[in-house]
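What follows is chain A paired twice: with chain B in the first complex and chain C in the second.
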Partner chain A sequence: MSSDTVVVIGAGPAGLEAARGVAELGTNVVLVEKRDFLGGTPIAENYAALTPNYESAEEAMGKMIDRVQSNSLVKVLTSTTVTSCEGEAGDFHLAVTGPDGQNTIDAGAVIVATGFRHFDPGRETQMYGYYEHPDVVTLPDLEAMLKSGEVLRPSNGEVPQNICFVQCVGSRDRHIGNEYCSKVCCGIASKEAIELRRHIPDSKVFIFYIDMRMYGYWESQIYWPAQEQYNVQYVKGIITEVLKKGDKLLVRGEDTTMGRPMEVLMDMVVLSVGMEPSVGTREMAKVFGVKSNKYGFIESANPPLDTVSTSRSGIFACGSAMGPADLEDTVSSAGAAAMKSVAMLKARPSVTA
Partner chain B sequence: MPIGGKKQLPIAIEKENAVVQSTISGRDWELPGMWNRMFEQRVIREFSPEAIEKVASLDGAESLSWCYGCGKCVPVCPVDIVGEYGPRKIFRKVQTGMDLFESSDLWLCTTCMNCLRVCPKEVDMVQIMPAAREVAVSNGNVPNELQDVFEKTFRYGNALGENPRRRSAWTKDAGVPVRILSKDPSPVDVLFYVEDYWSYHPRGKQAAQAFARIMTSLGIDWAILGPEEKTIGDSQRLAGEKGLFEALMDDVVATLDKYEFSRIVTPDPHGFNALAKEYPKRGHTFDAYHYTQLLAPLVDKIEWKKELDYTVTFHDPCYLGRHNGEYDAPRKLIEAIPGLRFTEMERCRENGYCCGGGGGGMWLDGFTANHTTQRLSERRVIEAAQTGSDVLAVCCPYEVSRFEDAAKSTGNEQLKIKDIVELIDEAMGYTAE
Partner chain C sequence: METNSSALYKAPSVSGYADVPYEEKVKFFQDVQADARFPDYIYGCYECGICVAACPSARFYDFSPRRVAQAIARQDVELIYQQVQEDIWECSQCFSCLRCPRGNNPGGLITIMREVSVNKGLGAAKEALEGYSRIIYKIMSTGTQVSPDMLQPDAFPDWGPEVKDVSDNLALWRKMLPPETHHTTSTGWDVADRTLIELYLIWFETGALNMIKEVDEGLHMILEEVMEERLEEEGIEI
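Entry: the complex of A and B
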C-alpha cells in the first residue's frame, strides 16, 4: 500500500514554497507546522523588511501563506510535530502529535523544511557582552526595532548616534564550532545599516568586518549603495571586545588597514549573528534518520548538483535546514524539492493502480 | 604605522620648550632631553565620517568615499612604492579623521591615473586631488616651492619665471627659419605650441630646435606664437590652481582667436591633455596633436641619413598614454629609426611608471623628497638601466631634466636621456657641434 501524499514539515518560506509547488503539480500535501502560526522565522523573529528589496516581511509571507491556504490540495496542521517515521519511499507512516492528540499520516515522500535559528551571542567565546550590556543587540533585535518604527538605546531610551555592526558573530569560528560562513549577515547588516541611516539621518553607522561577503547582486544592490549613498562606514578589522565606558560602549579591535589597535565609543552595538540549525531541524534529522553534517544541518546526499535529496530515499530537505541560505536560495531549493518529490511519486505505481 | 609590512615605532614629537610646574616648590621647570619627548597616539580612536564627507562633498571628489579597501591601487601607485602613501591609505586616513586639506599626503599624488586604471570602484584621484587641493590653495596652505611656481605662472605666463619676451629665443639656433605669427599673421597649417620647457629649458630648447628642423624638412607649413604664448597650465590646474588655469585659458584662447591655423601641436602631454579634454568642456575645441601624433603618419617620408647604433627603451608619459590612450605613435617613430634596437621596460604602456612630474609633482621635488625614500624619476631610471639600454627615449618636456638628474644621482650616467625628436634629428643627419 503506497501513498500519493507529500508531507512538508515546517511552514516558513521553504515549507510554504515546497507545499505550494507540490500542490500546483497536482499532488496532495500535508503541511505540518510546530508553531501555531504560519510564516516561520521571518514572522516569529519580527522581520521588518526583506533583503535585498525591502519588501515587508509580513506582506511577503502573507502572500505565500494565502497561496498555500487557498489551494484545496493542501491540508495545514499547525501546533503539530512529527514524532516518528516508519516505512520506506512511497510508503511512509508518520506519527504526529497535535491539538487532536496522536495521529498517523501516510506519505509517499517527505520534505523537511525546518530551517535555522539565529546564533545566540550569549554562547560566543568573545567578549561582546550581549547579556551584560543592554545596548548590545543582534540583527534580529534591531530588525524588531525597525519594525516597531522606533530605534532607541535599550539602556536609556535615547536615539543612538553612533551605531556599529560587528560581523561574523557565531560564524567562521572553530572555537564556537561554527566554521562555516552564514552567507546572509553581510547583506542583512548592510540593509539594516541603510535603514538606520534613513531612520536616524544624523547617525554615524559603522560596519566592522573581516571580509565583506556580498554574494552576486547583493554587492551592487546593498553594499555599494550603503557605502556610496548612505555613507555607511565600512572598516576592515573585527571587534575583539565590547566594554562599558560611562553610558557608552567602547568597542576594541584592530584596524587592519592601518595595522593598529582601535577603540571607538558607540551608543549601540549590533552583533551580526549567523545561522545555526533550528531545534526542529536537529529533531527531524533524528526522527527521519537522515544524515546531518557536524554542525547539525541536514546533508545533501549528492552534492553539488542534487541539493535536496538526503541520505534516505524519499526524504527530501530544503532551505536553511541544509545550511545557511538566503531567501532566494531557500525558495529555489524548495521548488527543487517539490519537483523531485512529485517526480518520485509519479515514477511509482499510484495507490489506485 | 606599518611600512613595507613592518610595524614602525611611533613617531616622536619633540617639543622645543616643555615647561612644567613643580608640584613641590611651585616653580616652573624646563624639561630638557628625553623628558619632553612625546609619542603619537598609537591606538586609533577617531572614526569620523565627517572628514570623508568634507572631501566627498567637493565637486569631483565624491568617489573618495567609494573605496572599499581592496588594495589593488597599492602595487601600481608610484608613490606607494617609495613611501607611506597610497590611494587606499588616503581613504583610510581620512576615514579615521585625517584632515586631507592640512595633510602632506595631499601633495604627493602625481595624478598619474594608474590607480584609477585598476580600481574596481572607480575612485578617481585625478579628480579628487585637484578638488581637495583647490581648498588647500584657497586656505593658503600650499608648499612654498609650488606656491612659487603658481606666482611665476601668474606673473610671467610660464612656470619657470622666465621673461615672456624670450619665448622664442630658442629659434635663433634652430638652423631653419621660424615664422612667428605676431610678425607674419597669415594663415598657417600647424601652430606649434612650444610650452614652457621646450621654450626655456636648455635641454628642452635643443628638442624644440630638432622638432623645428624635422617639421621643415617634411615640408610642414608651421609657425609659433612666440612672445604671445603662455603656458596652458594643466599641471597648475591639477596642483589645485583651477582659477589660474581658467585665467590662462582665457588669454590663450584670445591669442589663438587672432590667427588662422588648422591644427595645433604641442610637445607637452599636459598641455595636450588640456586641449584635448579640458578646453572642449569649457567650449573651446581645437584640432590638437601631441607632436608624436603629428609625425607618426609622416614617418615614411623622413629621409634618413644615418643609422643609430643604440639600444633604446621608452618611457610612456602618463598624460599621453593612460590619460589620452596614445601608446603607438611614439613607438612607431622610435621603431622607424634605422639601426636602432628598441626594448620595452617591464612597466610600460598602460602600466607605465610615473616620472613623478605630473599633477604639480614637477614643482614639489623638495617637498616630495621629505616624504619618500626615493624619487620616482630615480626608480624609473633604474628600471630603464636594467634593460641594458644606451638611451632612455622620452616625449614629454618634463622628463629630460628629471631623468638626467636621476641618472646622475643613481650612478647610471651611461644611460643617455633623449627626446624622440632628438633621435630622429640625429638619424636625419643633424649633428650638434
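Entry: the complex of A and C
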C-alpha cells in the first residue's frame, strides 16, 4: 500500500508554506504541529515586525495560517508529535501522539520543517551576564518589548537612553561549537535599532560587530537607512564582557577601526543571539534517521543545488531545520520541498492506484 | 558614546591645546552640520579605509580621512574638536577620497571644518594659516598664485631643505615647465584688470575677505585697503 499524502512537520513559516504548496499542487497534506497553535517561532517568540519590511509578524503569519486552513486538502493536527517512522519512500507509516492518543498516519513523503531555536546566551562561555543583569536582553526579548509597545529597562522601568547590540552571540565561536554565521542577526539587530530610534528619538543606539553581514537588498533596505536616517552607530569590535556599574552596564570592547580599547556605559544591552537547531529538529532527525551536521541541523544530501533532499529518500526538510535561514530563504526552500515531494509521489505509478 | 570615551581622543592637556567648554564643541559641530553642503558630504561610514588608501597626505602624516569621516558620522564632538586642532590641516584637499563607495566626501567635510574654524578665529586656524599670509596676500591682492620666484627658503622655512635646492636653480626649473608662459615670472602670472576687479568684488561680497579678519587682522587691514583703493579708482563703492 502506498500513500498519496505528504506529512509536513512543523507549522512555522516553512511548514505553513510547504503545506500550502503541496495542497495547491492538488496533493493531500497532514500538517503536524507540536505546539497548540500555528505560526511557529515568530508567534511563540512574540516577533513584532518582520525583517526587512516591518510587516506585523502576527498579520503575516495569520495570512499564511488562513491559506493553509482554508484549503480542504490540508488536515491540521496541533499538540501532536511524531514518535516513529517506518516504511520507505511512497509508503511511510508515522506514529503520532496527540490529544486523541496514539495514531498512525500513512504518508508517501514527509517534509520536516521543525526550525530553529534562539541561542541561550546564559551558556557557559558567555560573559554577558544575561541571567545576572535584568537590563541584558536578547533580540527576541526586545521584539517582545516592541510588540508590547513599551521599551523600558527591566531593572527600573525607565526609558533607556544608551542602548547597544552585541553581535554574533552564540555564532561564529569555536568555544561554543557554533562555528557558523546565523545569517539573520545583523539584519534583525539593525531593524530593531531603527525601531528603537523611532520609539525613543533621543536615544543613542550602538551596534558592536565583527563584520556586518546584510546580504543583497538588506544593505539598502536596512543597513544604510539605519546609519544614514537613524544615526545608529556601528562600531567594529566585539564586547568581551558586560559588568554592572551603579545602575548602568559597563561594556568592554575594542573600537578596532579607531584603534583603542573602550569602556562605555549602557542602560540596556541587547544580545544578538544566533540560531541553533530546535529540539524538534534534533528529535525529528533521530525519528527519521536522517543525517545531521555536527551542529545538529539536518543536512542536505546533494548540496549545493538540491537544498531540500535528505539522506533518506522520501524525507525532505526545509527552512531553518537545515541551518540558519531568513524568511525569504525559508519560504523558498519550503516551496522547493513541496514541489519535490509532490513530484516524487506523482512519479510513482502505484500512487494513483 | 559618552564624553571622552572615543578612541584616539586625547584630553586637551595631553594633546596640548587649550580646552573649551563642552557646549562650545557641540556648537562647532552644529555649525559644521548647518553648512548646506554637509548632507551631501557624509552618509554612513563603512570604515573600509578606501579613502585612506587613496590619500596622499596619509602617506606622510599621521592623518586619516577615514577617522575624520568616522568622527563626524559618530557625531563625536570631542574627537571632532581634537581633529580641528591638527588633523584637518594635514589634508591637501585633493579629493582623492571621493572614491568612497558610500558617496562620502571626507575632504569636503574638512573644507567645511576649516571654514568654520577660520570663521570662529580658532587658534588652530591661525596657527595653520600663519605660514601662508604671504600667499594669501599674493592671491588676494594680485589674483594669482604663488609665483616661482617666491620659492625661497626664507619665504617657506617649513617646506624643508628642498626649497633651497629649487631656489638655487629657479630659472632652470622654469624652463622645464612645458608652457612657454611659465618660463618667465611675468607674462604667465598676469591678471587682467577686469578679472582683478571682479575678484575683489567677489571677495568682498562673499565674505571671503572677512574670514581673514579672524585669523590675521593686520593682513585683513592691508588687503581691505588695497582693494578699496583699487575699486574706488574704478568708481565702485563698497
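Keep this in mind: the second predicted complex is superposed on the first by the 349 of 353 C-alpha atoms of A that agree within 3 Å, B and C clash if a C-alpha of one lies under 4 Å from a C-alpha of the other, contacts with A are read in each partner's own complex, and residues count from 1 in each chain.
Everything that follows uses one rule, which is that contacts are C-beta pairs under 8 Å (C-beta built on N, C-alpha and C of every residue); 3 or more make two chains touch, one makes a residue touch a chain.
Note that this is a predicted model, so its numbers are computed, not measured.
**Student:** Looking at the overlay on chain A, is there a clash between chain B and chain C, or do the two fit?
**Tutor:** clash
**Student:** What is the contact status of A:343 with respect to chain B (first) and chain C (second): first, second, both, or neither?
**Tutor:** In the superposed model, A:343 contacts neither chain B nor chain C.
**Student:** Now for A:228: first (chain B), second (chain C), both, or neither, which partner does it touch?
**Tutor:** A:228: touches chain B and chain C.
**Student:** After superposition on the shared chain, which partner residues are touched by A:127: those of chain B (first), chain C (second), both, or neither?
**Tutor:** A:127: touches no partner chain.
**Student:** Report for A:264: first if it touches chain B alone, second if chain C alone, otherwise both or neither.
**Tutor:** After superposition on chain A, A:264 lies in contact with both partners, chain B and chain C.
**Student:** Scan A:255 for contacts with chain B and chain C and give back first, second, both or neither.
**Tutor:** Touch partners of A:255: chain B and chain C.
**Student:** For A:279, using the defined touch cut-off, is the partner it touches chain B, chain C, both, or neither? Pick first, second, both or neither.
**Tutor:** It touches nothing on chain B or chain C.
**Student:** Return the residues of chain A at which the contacts from chain B and from chain C coincide.
**Tutor:** Touching chain B in the first complex and chain C in the second, residues 204, 206, 223-224, 227-228, 231, 233-234, 236, 255, 257-264 of chain A appear in both lists.
**Student:** Can you check the complex and tell me which residues of chain A touch chain B?
**Tutor:** 204, 206, 212, 223-224, 227-228, 231, 233-236, 255, 257-264
**Student:** Show which residues of chain B lie in contact with chain A when the two form their complex.
**Tutor:** Those residues of chain B that touch chain A are 1-2, 7, 42-49, 52-53, 65-66, 68-69, 88-89, 92-93, 95-96, 121.
**Student:** Which residues, counting only chain C, touch chain A once they are in their complex?
**Tutor:** Going through chain C, the ones touching chain A are 1-2, 5-8, 43-45, 47, 66-67, 70, 73-75, 102.
**Student:** Would you tell me which residues of chain A are touching chain C in their complex?
**Tutor:** Spelled out, the residues of chain A in touch with chain C are 162, 204, 206, 223-224, 226-228, 231, 233-234, 236, 255, 257-265.
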